[in-house]
Amino acid sequence: QDSVYVPLFTYRTGPFAGSGTHIADGMHDYLRMLNERDGGIGGVKLVLEECETGYDTKKGVECYESVKGKNPVIVNPWSTGITLPLIPRASVDKIPILSMAYGLSASARGDIFPWVFNPPATYWDGLSMIVKYIGEKEGGLEKLKGKKIGFLHLDAAFGKEPVPLLQELAKDIGFEVALYPVAAQDMQNQSSQWLSARRDRPDYMIMWGWGSMNGAAVKEAVRSGYPMDKFYSVWWPGEDDARAGGAGAKGFKMLNWHAVGTNFPAIQDIQKHVVDKGLSKASKDKVGELLYNRGVYNSLLIAEGIAQAQKVTGKKVVTGEDVRRGMENIKLDPARLKELGLEGFTDQLVLSCSDHNGHRAAFMQEWDGTKWVKISNPIEPMTDRVKGQLEAAAKDYAEKNAGWPKRTEACDKAS
Amino acid sequence: MLYREAGQFKTNYVADSAIFPLRQDRIGLGLIIIAAYALAFLGNSFLLQAVMIPFLVFSLASIGLNILTGYTGLLSLGTGAFMGVGAYACYKLMTAFPEVNVIVWIFVSGFFSAAIGALFGLPSLRIKGFYLAVATLAAQFFLQWCFIRIPWLVNYNVSGALDAPLRTLFGTPIMGPNATPQTRYLVVLTIVILLTWLASNLVHGRIGRMWIAIRDMDLAAELMGIRPLQTKLLAFAVSSYYCGVAGALLVFLWYGGAEYDVFNINQSFFILFMVIIGGLGSLIGSFFGAALIFILPIVLGIVLPAIMSPFGISVGADVIEHLRFMIVGALIIFFLIVEPHGLARLWQIGKQKLLVWPFPY
Amino acid sequence: MDILYKIFIEPFVFMGEAPDLLIQTLWEGLVSGVLYALIALGFVLIFKASGVFNFAQGIMVVFAALTLVGLYEKGVPAFLALILAVLVMLVLAVVVERVVLRPLVNQPDIILFMATFGLTYFLIGFGELIFGGNPKEMITDALFLPQGTTELDMLGGMVRFQHLDIAAAVIASIMIGLLAVFFSKTRIGRALRAVADSHKAALSVGISLNQIWVIVWFAAGIVALVAGIMWGARSGVSFSLQIIALKALPVLILGGFTSIPGAIIGGLIIGVGEKIGEFYWGPLVGGGVETWLAYVIALLFLLYRPQGLFGEKIIERI
Amino acid sequence: MSSAVQMQPQATQTVLTVNNIEVVYDHVILVLKGVSLNVPKGGIVALLGANGAGKTTTLKAISNLLRAERGEVTKGSIEFNGERVDKLSPNELVRRGCIQVLEGRHCFGHLTIEENLLTGAFTRKDGNAAIRRDIEAIYEYFPRLKQRRTSMAGYTSGGEQQMCAIGRAMMSKPSMILLDEPSMGLAPQIVEEIFEIVRKLNATEGVSFLLAEQNTNMALKYATYGYILETGRVVMDGPAQMLRENEDVKEFYLGVSEGDRKSFRAVKSYKRRKRWLA
Amino acid sequence: MRAPDNPVFAKGDVLLAVENVSLGFGGVKALTDVSFDIRKSEIRAIIGPNGAGKTSMLNCINGFYYPTEGRITFKGVKRPKMRPYEAARGGIARTFQNVALFKSMSTLDNIMAGRSIKMHSNFFWQLFRHGPAMKEEVEHRRFVEEIIDFLEIQHIRKTPVGRLPYGLQKRVELGRALAMEPELLLLDEPMAGMNLEEKEDMSRFILEVNQQYGTTIALIEHDMGVVMDLSDRVVVLEYGRKIADGTPSEVKGDQRVIDAYLGVAH
């Protein structure tokens, strides 16, 4: 029996289920579609198993331990809190970790974290893109001088990660930063933050939130009359979050790096082979929504990692170690995307031995009251600035973790 | 028939006031300890890593809280934060003085949480019962806030998280990515056994009696010359010490890296429930409680799909999770109804029945 | 010196400079206070009647709101759904009494507290099983809750009053008033206090604990439903709403566990206190003080009055 | 409860029959080892016995309060007015007219004395006026309570609480009262007062009493029949008159052996032996 | 048991003097201008109707209440406002009207807990239950066993006291107070709820404590027989005021006492 085991860590329960469910559906359905349509990848069936984490670190670690014995080819923790404890384990257990655009930003460095992947962009990339976009709208980054940018963030490692970069940019460019931390237990109760925003009158507001914090923020912004076209977010809010703000939420903007909608052969295959056959948990109208497609993107990377692994090793049934190599060989260029039935779904992504992230561009999209509309071309991150942060962080991590294992895994291609 | 008190006479007070006066109990305990050590070599990594290590860590934290809530009767919802203090202190200490063995720092870190615990225990002189819980909640939220806000605590890590550097004992890694589950389990087990032994000495001696006196009837205790404030603060300090050590073990020997979030209010509740369901004022109950609250859901997670699949019902991970919640909730209520004084009391009644077996009374 | 100035002078100067913001802050504080009080009220009812510290109150709020919205989504007309939701809370009350409280009569408070934790777990699992974990929107329109904002030009600025918030304040005040009268003026009210005092003695004088508990849990269920509607309209209906119940704790403690007026006054003090604190003093330490400020305020009050503002005196007699 | 209902045809009928009950606490502690007793309609029956004999347990078994203390009647049956009551809840029993005054006060500490009395009338349906009247009657019995009517019961003195507990039970207008150590902690003249009340209620309203009492002297003076309990068994029973004259009872419970009361100072430490234990 | 040796206070000296003590709670006056004294090694009874303020008087003596007016002198020193544990450490022990034992502890542990103030081994040794800690434990255990023997409660040594019948609980409570080796022992209705046989036993214990160790005893009791037989002097309170003070026979004959307290037939 030829098969590879792909565990999916999901959270359809708990306080973050609102986001988690759609992502889980997208992840599952894409891989399921490959099974149904193609009989798996390269003729090998995928054994899919969900493990419910509830976004709880304790349960996530438990999930990891329980799937570990079944030779998973890759693990997606879907929570920064869960990713952190898994990072040191991955290298010992030889299981690659895919923390797609979350987790430890420093893990973009393949030479130090050979087992961790966080494509297509880090949070630092994301922040730099938003600042860049705002700057362009103002007519050049230097025009931001004297402006005030509010930063509404979850008061946790995830939300605070971009702060140093933001402050550095503020110093260089000359804008002012106002921080609005939101504690996890106050996610749904943000009136103080928005009151403070009324006091400080920031010219722009950037949000780094997750789960119900996003929806509540949109609501509060509308409530307190903040101009929505000045309100930007990193890539985590979904349609539900924007919808929460009602008509007033029009103009709310966020970064994204993949398409929404179902206008792709692969996604239509999902509908045909999975959703219509009742093999999915998703309701039909949710297919193609932002977070659903985010899940699809995640699975696309998994599938591609496996496919590449099969290619480089020549084996059909690959292992975690092979998939790690496969991931380092990912090259999702337009041609490949077209082959996969996802032409135009996303920008190209190339990972390598040293670069586990890609630092890809994202684009800005705007809520028009009913759906997301792409409003910009791809925005490249400010690589020069982000690199510095990244280098320092990775070095710092390795230094503080004296005894952090040196990369011993060979590289498949020069980077 | 093996379990009998008859024929075991105590000829001096030392023997009579032993913690396990019954020979069979002592033998049983010895066997359990041997089995626990043997498990390191028999158990697979899932058992050690996902079940036993956290179970022991939570048991230790429960012992800590039990000293405060179970023995002294002071309700605390700050356990999570006190565990956090231990973890952060341990992190600072071991990164600042890497040359000193980390085991030392694990024990020392407890003192920091003891100090903080005693500080937040001050209002307990005036405030009682559920009202006291708020004082400790203030500690919980305030400390948690400090954990996020003071980057110095994590040595300015950008990730804002604690990570476990490589540390060795006798040349074997016990912490960090290269430490095997076996070694970590052995370290945790030894620390937990040692601290449990010390706790049991304390609660069976003069100090333990003073704590229980305060719990059972604080006014009478005071009228007998027991200083309430000192006694309560001591309970806070000792309790927080245990929680602190448990916190350090939690992060560095179990997770191997964690965010401040693992020390949130849910952690506090989690431990409190272990203490209550296990049995307030019982050390062995702390272990039972940790087992029920921590291990039971894991077992259910494994067992539920297995019992459902033969019936052709294949259910998603989420449904399993929902059922798991429902069953754990129902079982908690069930156990409380069967024996409100916790599993420890159930155990005791079982032993009493065994003593008089085959007669019912 | 500078720091002293920042702590003791600057915030007040700022208050004077921008009175509109002060008014807005106070208003926001009052509104949150009322909403906290609504949750706290559910706790108080149950504590008053049985001495049970009901950990499940938070999940009851979620559960009630989800039932309402869930039924509506299934096509049940809004007001019928409301009635059905009330009935569901009644069923819940009966079941809780039968299954949890009755067998645990006369047990220590902390044991009952633990049992409500079991209940919480059960309700989380059950609720998610039925309604799924997805957040839902509260059916504000269908229930004819007012929406929109009134903006008043005053004091050199603009102050915004949400109609929904005004409605919340009015509804909460009416409920609290009704409950206060019900419990202080009726025979049941006295029986409640007796039960909370001692289950055993209450049993011995023939008070039917079963009946009382059903009544009270039902009342708490209705309060939970109202709280769920109000909070839901504000921030959506999802399981993360149960975290908010934690906010009721300092309110309870400040007002006293057993006092209905205490819940509302405690709520207002906490609501206003934390908003003012966060708004004017929060920035000094990087914000986010709201998470613990409420508890510290409550703690300071407690040091002065260990039974809360209106709680029943803790009897110390030997 | 109107007394007319109780004045049913058979005057010698028993109100309460306890039939060979066994009680276990906490699943393992066997306390009552087969206790049987009868209370005739309109009778005052005393339940005597040393500390720990099981008097309180017997009363609680009857009033069904045992379950609240994790005790259980494992054998035997209890009938009240001819009906099995072992499975009833305590409040249903109170509605049927049988109420217990708990040993050791148990007032509602946070309620005032008057509110305590009012809760006693919880099961009554005969309107406020009647309840007020009865409260006044109780204040007449215990003037001390009237003075303290607005104080929280938790702060009143031990004796005041005892009066409050007794008054509270009387407020439910029961047809049968289980009195557990009513005289404990009361001043001598109040003790007499209480027994007078018992006699009066018994005579005028036909209330039956089961009286657990250490003050044997008093109890046997007012009771019509008595049971003596030792370590969970009835060791002796008979009409009060007969018990009063029994030598053992005289020596161990009444303190009058050979006709004279001996001084507490004169007691010597010697092991005495009850004849019925021989 | 050792008798507390106190050279300054010989039998018959005033050990404790209560002077013009008043105590009020809001509107309620529990005590009004009460003065009396307790002499070394005597048994002093306090009697009076319910709610007269007897318990409150004891509460003042051991620091649980602080009199609103007046003063209390113990061993010749005027007492400052103090916490109850300080009074206890000064040598005043008591039992309670509503038994206040540590319910979940065994009889032995309850009495051992009464020894807490006499035990001093430090935390470190306690941790290891060795060395001085164990030595001390055994030494005090011996003392406690003496008390247990004395009170004839050997058979319930290891029973949790919450399960004991009321009368035995009172006895354990006496044991716990004795364990403190007090100079002044306050007993609040030690014989309530006991039958005659048990009262006789209890009387014997009280007398023996008093005679053998010279412990001063203040006793509240409603059983007049006991009071008359045991006490050396009696003070009678009514409505918070002292209405009589003297030997049992004097008090017994006092008309005010008969009216207020004894009723007729005594």
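Observations
Order of writing sets the chain letters: A, B, C, D and E. Residues in each chain are counted from 1.
In this text, a contact is a pair of C-beta atoms (placed from the backbone, for glycine too) under 8 Å apart; a residue touches a chain by one contact, two chains touch by 3 or more.
As the structure is a prediction and not an experimental result, all values here were calculated from the model.
Chains touching both chain B and chain D: C, E.
Chain centres computed from CA atoms place D at the largest separation from chain B.
Farthest chain from chain E (centres taken as the mean of C-alpha atoms): A.
Centre to centre, using the average C-alpha position, chain A and chain E are separated by 73 Å. Each chain gets a centre from the mean of its Cα atoms; for chain C and chain E, those two points are 48 Å apart. Per-chain CA centroids place chain D at a distance of 29 Å from chain E.
Work out the mean CA point of chain A and of chain C, and you get 36 Å between them.
Contact with two or more other chains is made by residues 124, 128, 133, 246, 286, 288, 291, 318 of chain C. The set of chain E residues touching two or more other chains comprises 55, 64, 96-98, 100.
Each of residues 29, 155 in chain D touches at least two other chains.
A list of each chain pair in contact follows: A-B, A-C, B-C, B-D, B-E, C-D, C-E, D-E.
Chain A makes touch with chain B in their complex at residues 10, 12-13, 49-52, 54, 57-58, 61-62, 65-66, 68-69, 80-81, 84-85, 87-89, 91-92, 104-106, 155-157, 160-161, 164, 181, 183-185, 281, 389, 392-393, 396-397, 400-405. Interface of chain C with chain B (complex): residues 53, 99-100, 103-104, 107-111, 113-115, 117-126, 128-129, 133, 246, 249-250, 253, 257, 285-286, 288-289, 291-292, 295-296, 298-299, 302-303, 306-308, 311, 314, 316, 318. If you check the complex, the residues on chain C that touch chain D are 105-106, 187, 190-191, 193-194, 196-210, 312-313, 315, 317.
Within the complex, the chain E residues that touch chain D are 25, 28, 48-52, 54-56, 97-98, 163-168, 189, 192-201, 203-204, 207, 222, 224-226, 229-230, 261-263, 265-266. Remark: chain E residues 55, 59, 64, 96-98, 100 touch chain C in the complex.
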